[in-house]
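In the two complexes that follow, subunit A is the common piece, with subunit B as its partner first and subunit C second.
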Partner chain A sequence: MPERNPPGMLHATWLVARKDLAIEFRTRTAFFSALLFALLGLTIFYFAWDPTAVAAIDLAPGVLWVIFVFSGLLGLQRSFSVEQADRAIDALLAAPVDREAIYLGKALANFLFVAAVQAISLPALALFYNLPVSQAFLPIAGIAVLAAIGIVSVGTMFSSMAVNTRLAELLLPMLALPFFIPIVMAAAVSTSRLLAGRPVADVMPWLRILVAFDLVFVVACTLAFPYTLEE
Partner chain B sequence: MTSPQQHRSPLGDQLAVAGSVDWLVTSGFLALAAVYIRAFAFTPPEAIQGPAQRILYVHASSAFVALYLAFALMALSSVLYLALRDEKLDRLAESAAEVGLAFTTVVLLTGPLWGKPIWGTWWTWDARLTSTLFLWFIIVGYLVLRGAVDERGMRARYSAVLGVLAGLLIPFIHLSVYLFRTMHPMPLLAKPSAPSMPGDMVVTFVSGFFALTLLFAGLLRARYRIATLRDLIADSEDQH
Partner chain C sequence: MPPALSATEAVTRSVVMAEGLVRAFSGRRAVDNVTFSLDAGECLALFGPNGAGKTTLLRLLAGLLSPTSGSCSIGGTVLRSGSTARGQVGLVSHASMLYAPLTALENVEFTARMYGLRDPRAAARAALHTMRVLDRADTPVRSLSRGLQQRVSIARAIVHAPQLLLCDEPYTGLDDVGSGALTAALTERREAGAALLLVTHNLSEGLALATHAAIMRRGKFVRFESRADVHASSYALEYRELAAADA
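What follows is the complex of A and B.
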């Protein structure tokens, strides 16, 4: 076999992400269950309130972010449980790639997963909740990207830990949801202000919190991830 | 790891300690009792709030202990554990989290008792109440994680990572809940201007801080000893 150099950090990240996406793309089970979960959630939430008392547009931001967070958890749970079968994680750890690249690759795959679910459920929300299609949608999509980065950075980390515990997937929400609180708060408040026609400048403090959260936790989780793998 | 080859048996030492009276915990509880007596019998009631104000002496001090001592200690010993890999630091983080949970629970229970007569509601989603509740959730999650991992080294690494991330999360929770509005009373003592309390109350207030800090130190040490004992017993079982 010809001698080949181990892949660099970015290339390794992409290889790990591509591997996870290929596994998901073959079956698409997790994607369809997360998407269906999101659509069912949108429907159930609509009927959990009296539509004559609460306007759908007031309801929409909260519903959207609760749905995003919980459907995101569904995808995150799979991220490391697929590695449990046949102890695939051992092969991944034996591969000549940095442990940081394994984390970043997993997180990238999870991000694309969550973003794909969002890309379908956000228009579905606009349709079901009769939201005015306005210029607010572009900034809301931007907020969704920022929030997805935060959710995925922390969620990927906790998914790798939860899968090795006795509680397995039951533990992930308990660990991750407290970390999602600032994200949901920032995203939901900004979404409702933007839907009400307020300018983007109005939600800048919240956007700064989102950006800062993403920076801090992507860096911290990348650095902390190798500690969870050590044999 | 503690080495099994030592002249005296560390397990025997720990068991001897466990059987004796813990003077630190005892004096913590005695000091707390003294603060209660002073608060009820020798400190005048507040003019507007009446007797409800007396809960401050326990409530504010417990909040101080929970947030600035217990939680900070948990986060700090988690960072140090990842750097130094000393099991003592893991046991310290574990003990701080568990004793901190008790103090945070006290804060969350005494708050509504005061809130009902003064605010007219047991609970409100005010910034400080919200962040205390989130802190409580984080500590519970930390302890659930510890309980869900059997292997000692892995438990220490996992919980240290969570402890570090939780430390980073606190500023974000703090910031975001403050962007919502707040109606909680602002600090009465630790502020640039003169204290907003007459001297009698300040003395009771400050002694409350000392009493609860003493109690925290006592409980922390007692809980730490339990953790040490548990690990030593596990070690001796492994050897046999």
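What follows is the complex of A and C.
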């Protein structure tokens, strides 16, 4: 018998994430779809915008977070559909690793996916709306990271539940979007204030909400995930 | 006469032991009070008409389903008590359980890493070699024919040298070379002390490797006997009658 040392939680998490990223890197379908969606959304909002009626600084945060949420959903949708195609999920679940590691690996891959879309969309937004992001770039990037953690923690969990249904594409947004409301609210208000030149201390209450949301939902979804797999 | 084994000794010696295994879906029992055990080197050929509960039984033994009641242990460890027991099981199913965008080698190597093999790449290459598909190791699975995908799927199932190998119609889609490679791999696993559970509709194929044979119907084992007690022609007749009765 070959020598074995089954991977621990962190190692298994990384193995699952790396596998998902390898699949995405090989196909690039979800990433390019999400990126295209984000850029098209920015373009449409830009041409629908009347600068004499609404200032860019008031409109842009809302546009940014609507686009982040919906482009993120495209990646989350794919997270478990790749497992479902040839029942690869069965091989994954039969492996001698904790099922929480499967969730964390999927969430990590989704986080990197959402972060990559954000990394391209944020400069594009600044360009379209001529926003003064340079002085608030780091705090906004921090908000984006916190919001992305919240979005993928909830979205990954609901993706695993929705994938077994016939209306998976419809069900995932319906399940996840209500949970995204506190994230979008906190992130959009924080971004708006930072773009208006207000200090970071001014948005701390909203950042605390984001951190609390992340902590609660990362822990809750990790613990609940194994039960979503029961038939 | 060999001395009687205590329950603990029997569990320890058995590679797999199922006791009163029941799995119900919406009140209907797909697996109904199944009890059996297999020791090292034994092979159970399991026959049964469609919907008899064979695949559900395999999914229970692989740890993919939890039993409604009863228990199952692999190498003395109860399957639901943790992930350790799952590491002793290999599963070949109807579906390939492969990632189509990844290559054959990447798929098998990923499994080898998930089972914590020391040299996952070498183990993956050895498994692909066993299934005579090493020359397509760097081909994405989506570009392989159904038969070659089945060979890669079997390589994925045997890469960690499981102590219990569960095969659901493993010969489906295989050509002569693939069938020969599979039979050799199953024989090699048996000789190495693994137990096999082979689900098939093809009696001659199943009985060729079996040390035990069973017929499942409506979730229950209606026959379970040693291969030596099985007369292929009468067994085939009985199996056909059972299948026809459920049609």
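Operating definition for what follows: the second predicted complex is superposed on the first by the 228 of 231 C-alpha atoms of A that agree within 3 Å, B and C clash if a C-alpha of one lies under 4 Å from a C-alpha of the other, contacts with A are read in each partner's own complex, and residues count from 1 in each chain.
Just so it is clear, a residue touches a chain if its C-beta (ideal position, glycine included) is under 8 Å from a C-beta of that chain, and two chains touch if they have at least 3 such contacts.
The shown structure was predicted, so the numbers you read here are calculated from the model rather than taken from an experiment.
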Scan A:Met157 for contacts with subunit B and subunit C and give back first, second, both or neither.
-> first
Between subunit B (first) and subunit C (second), which does A:Val82 come into contact with in this model arrangement: first, second, both, or neither?
-> second
For A:Asn5, select first, second, both or neither according to whether it touches subunit B, subunit C, the two together, or no partner.
-> second
Figure out whether A:Pro178 sits in contact with subunit B (first) or subunit C (second), or with both, or with neither.
-> first
Have a look at where A:Thr27 lands relative to subunit B and subunit C in the superposition and call it first, second, both or neither.
-> second
Subunit A positions touched by subunit B in one structure and by subunit C in the second = 230
Considering the complex alone, what residue numbers of subunit A touch subunit B?
-> 154, 157, 161, 164-167, 171, 174-175, 177-179, 181-182, 185-186, 189, 205-206, 209, 212-213, 216-217, 220-221, 224, 227-228, 230
Taking the complex as given, what residues does subunit A use to touch subunit C?
-> 1-7, 12, 15, 19, 22-23, 26-27, 82, 85-88, 90-98, 230-231
Of all residues in subunit C, those that touch subunit A in their complex | 25, 59, 62-66, 83-87, 89, 91, 93, 95-102, 106, 110-111, 113-118, 123, 140, 156, 160-161, 163, 192
Which part of subunit B faces subunit A closely enough to touch in the complex?
-> 82, 134, 137-138, 140-141, 144-145, 148-150, 154, 157-158, 160-162, 164-166, 168-169, 172-173, 175-177, 179-180
